[in-house]
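Okay, structure first, notes after.
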Amino acid sequence: MDPGLDPAAYSYVHELRVRFAETDAMGVVHHAAYLPYLEEARVAYLRAKGRPYGEIRAGGTDIAVVEVHVRYRVALRFDDVVQVHVRLGAPSASTFQIAYLLDVDGVAAATAVTVHACVDATTGRPRRLDGWLAELARDGG
Amino acid sequence: MDPGLDPAAYSYVHELRVRFAETDAMGVVHHAAYLPYLEEARVAYLRAKGRPYGEIRAGGTDIAVVEVHVRYRVALRFDDVVQVHVRLGAPSASTFQIAYLLDVDGVAAATAVTVHACVDATTGRPRRLDGWLAELARDGG
Amino acid sequence: MDPGLDPAAYSYVHELRVRFAETDAMGVVHHAAYLPYLEEARVAYLRAKGRPYGEIRAGGTDIAVVEVHVRYRVALRFDDVVQVHVRLGAPSASTFQIAYLLDVDGVAAATAVTVHACVDATTGRPRRLDGWLAELARDGG
Amino acid sequence: MDPGLDPAAYSYVHELRVRFAETDAMGVVHHAAYLPYLEEARVAYLRAKGRPYGEIRAGGTDIAVVEVHVRYRVALRFDDVVQVHVRLGAPSASTFQIAYLLDVDGVAAATAVTVHACVDATTGRPRRLDGWLAELARDGG
């Protein structure tokens, strides 16, 4: 899955503001801080689509992260207001992908893809993808 | 409980090294990063005293943090090797305190006190302190 | 400075939502994650008062944290929407304090006080408090 | 660059222990916490090779992260002692790669690749790779 640089190719956008705690001694946002940004945007996306993550978990499913890929383009800085564009990809039998574009004032700061699997919330064992994921992807992600 | 600046007043010392991820745009360690340092030292202290935290949790007890107090004196920096001195205070009926002194090359960087309670690991409800805590404190913390 | 439990005693409120990344294996928000919440609220407060922290730093002043005190009352959980109430205390010659009340749906989750000093943004050396801090405190914080 | 599962294919190993602060409400290490593990191992690797990162920065070079790729295989847990195996790949004109294998008691927990560029520590602008990086890669990484 290739996350593109065109915001129009994404189906949802979540806005957040960079915390000072997320910067590092290079004066920019530390690269590890982007992963919680992706997660926050993913959770907001699911909520907007009628699938609050708390309800998914209460239903016995955890969504595990099995891969992350991030490409950093232009450093984010303290107090930046970041648009995180989100798009759900077509799921396979056992995993699904989400693509992200982070921009600030229309300038692409980073792109990312996360790959996920559904696991049993109690045992942590893999399970089939919840059916609504395929439906959501079919409806344009 | 007054954490003092004399390392000799502490019963245990744990060493750690500052990660780059823990710095911020002021070029020093972010103040929030000290709390995981205290926790890491607390866990190492319990392990050294024959009470690995994993076993405490497996026994049905979680140790909750109910208060933290930190005084920052000299900023920590990337790659600093930090000595975290630890001392257990005399427990009350339901809580116990731990004092900390962080130093780098003998220079006091910060002092801290954390206050803890025992809670049921399943329900999260408060419970009486485990008996070994009072024993440990009596034995000099 | 005693942070009280009455929201009416605070001059500003900032809202945030708990990230999954901020939880820990006890199923609640890790105690260290509260410090960035306080910081985010403090930065929002300064912005609302016409003092964006980026401008303060560009003006040559960094606001260092010299003490933090947090009392945890009721655990925060994933996806909680948290109101962080903020109040600036009367500054001394060289430091100022900010009090915080965190609540969720009107239930007090935590209170905190942070103590700050102004330092030179280049050298990190202490400097006199910027004059606007005393004015802001006089105007009701 | 394909990080393999054979520890013998790596030139350096760094050991660390999982902090409680790094776990999340699924009871395992949060996926974002792996990035500071990679960084800590990278810094330890450079130190072992006679290139402490503090000296690299003092020499005017920052090593920026331009891409990260992580594949999570078996969840890490609180108090796990993790071996982070590290290998430097052959650099291109302007970037270099590092591969990682994380294991616990010989079980592969995750693999990762990070891609880096050298930037001017003052301006943040890209610069040619420092010569010692190519030498280090030639010497077997």
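Think of it as A, B, C and D in the order they're written, each chain with its own count starting at 1.
Keep this in mind: a residue touches a chain if its C-beta (ideal position, glycine included) is under 8 Å from a C-beta of that chain, and two chains touch if they have at least 3 such contacts.
Please read these numbers as outputs of a predicted model, since none were measured by experiment.
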Checklist outcome for this item: A student comparing A-B to A-C should find more C-beta pairs in contact for A-C
Checklist entry - What is the chain whose Cα centroid lies farthest from the Cα centroid of chain C? => result D
Item to check | chain B and chain C: spacing of chain centres that average the CA atoms, whole Å | outcome: 23
Checklist entry - Roughly how far is chain A from chain B, going centre to centre by Cα mean, in whole Å? => result 34
Checklist entry - Roughly how many whole angstrom separate the Cα centroids of chain A and chain C? => result 28
Item to check | Per-residue multi-chain contacts in chain A, two or more chains | outcome: 20-21, 27-28, 32, 35-36, 39, 78
Item to check | Contact footprint of chain C on chain A as seen in their complex | outcome: 17, 19-22, 35-36, 39-40, 43, 52-54, 78-79
Next on the checklist: Which residues of chain B touch chain C once you look at their complex with the stated criterion?
Outcome noted: 26-28, 31-33, 35-36, 39, 62, 64-72, 75, 121, 124
Next on the checklist: Help me check something: in the complex, which residues belonging to chain A touch chain B?
Outcome noted: 20-21, 23-25, 27-28, 30, 32, 78
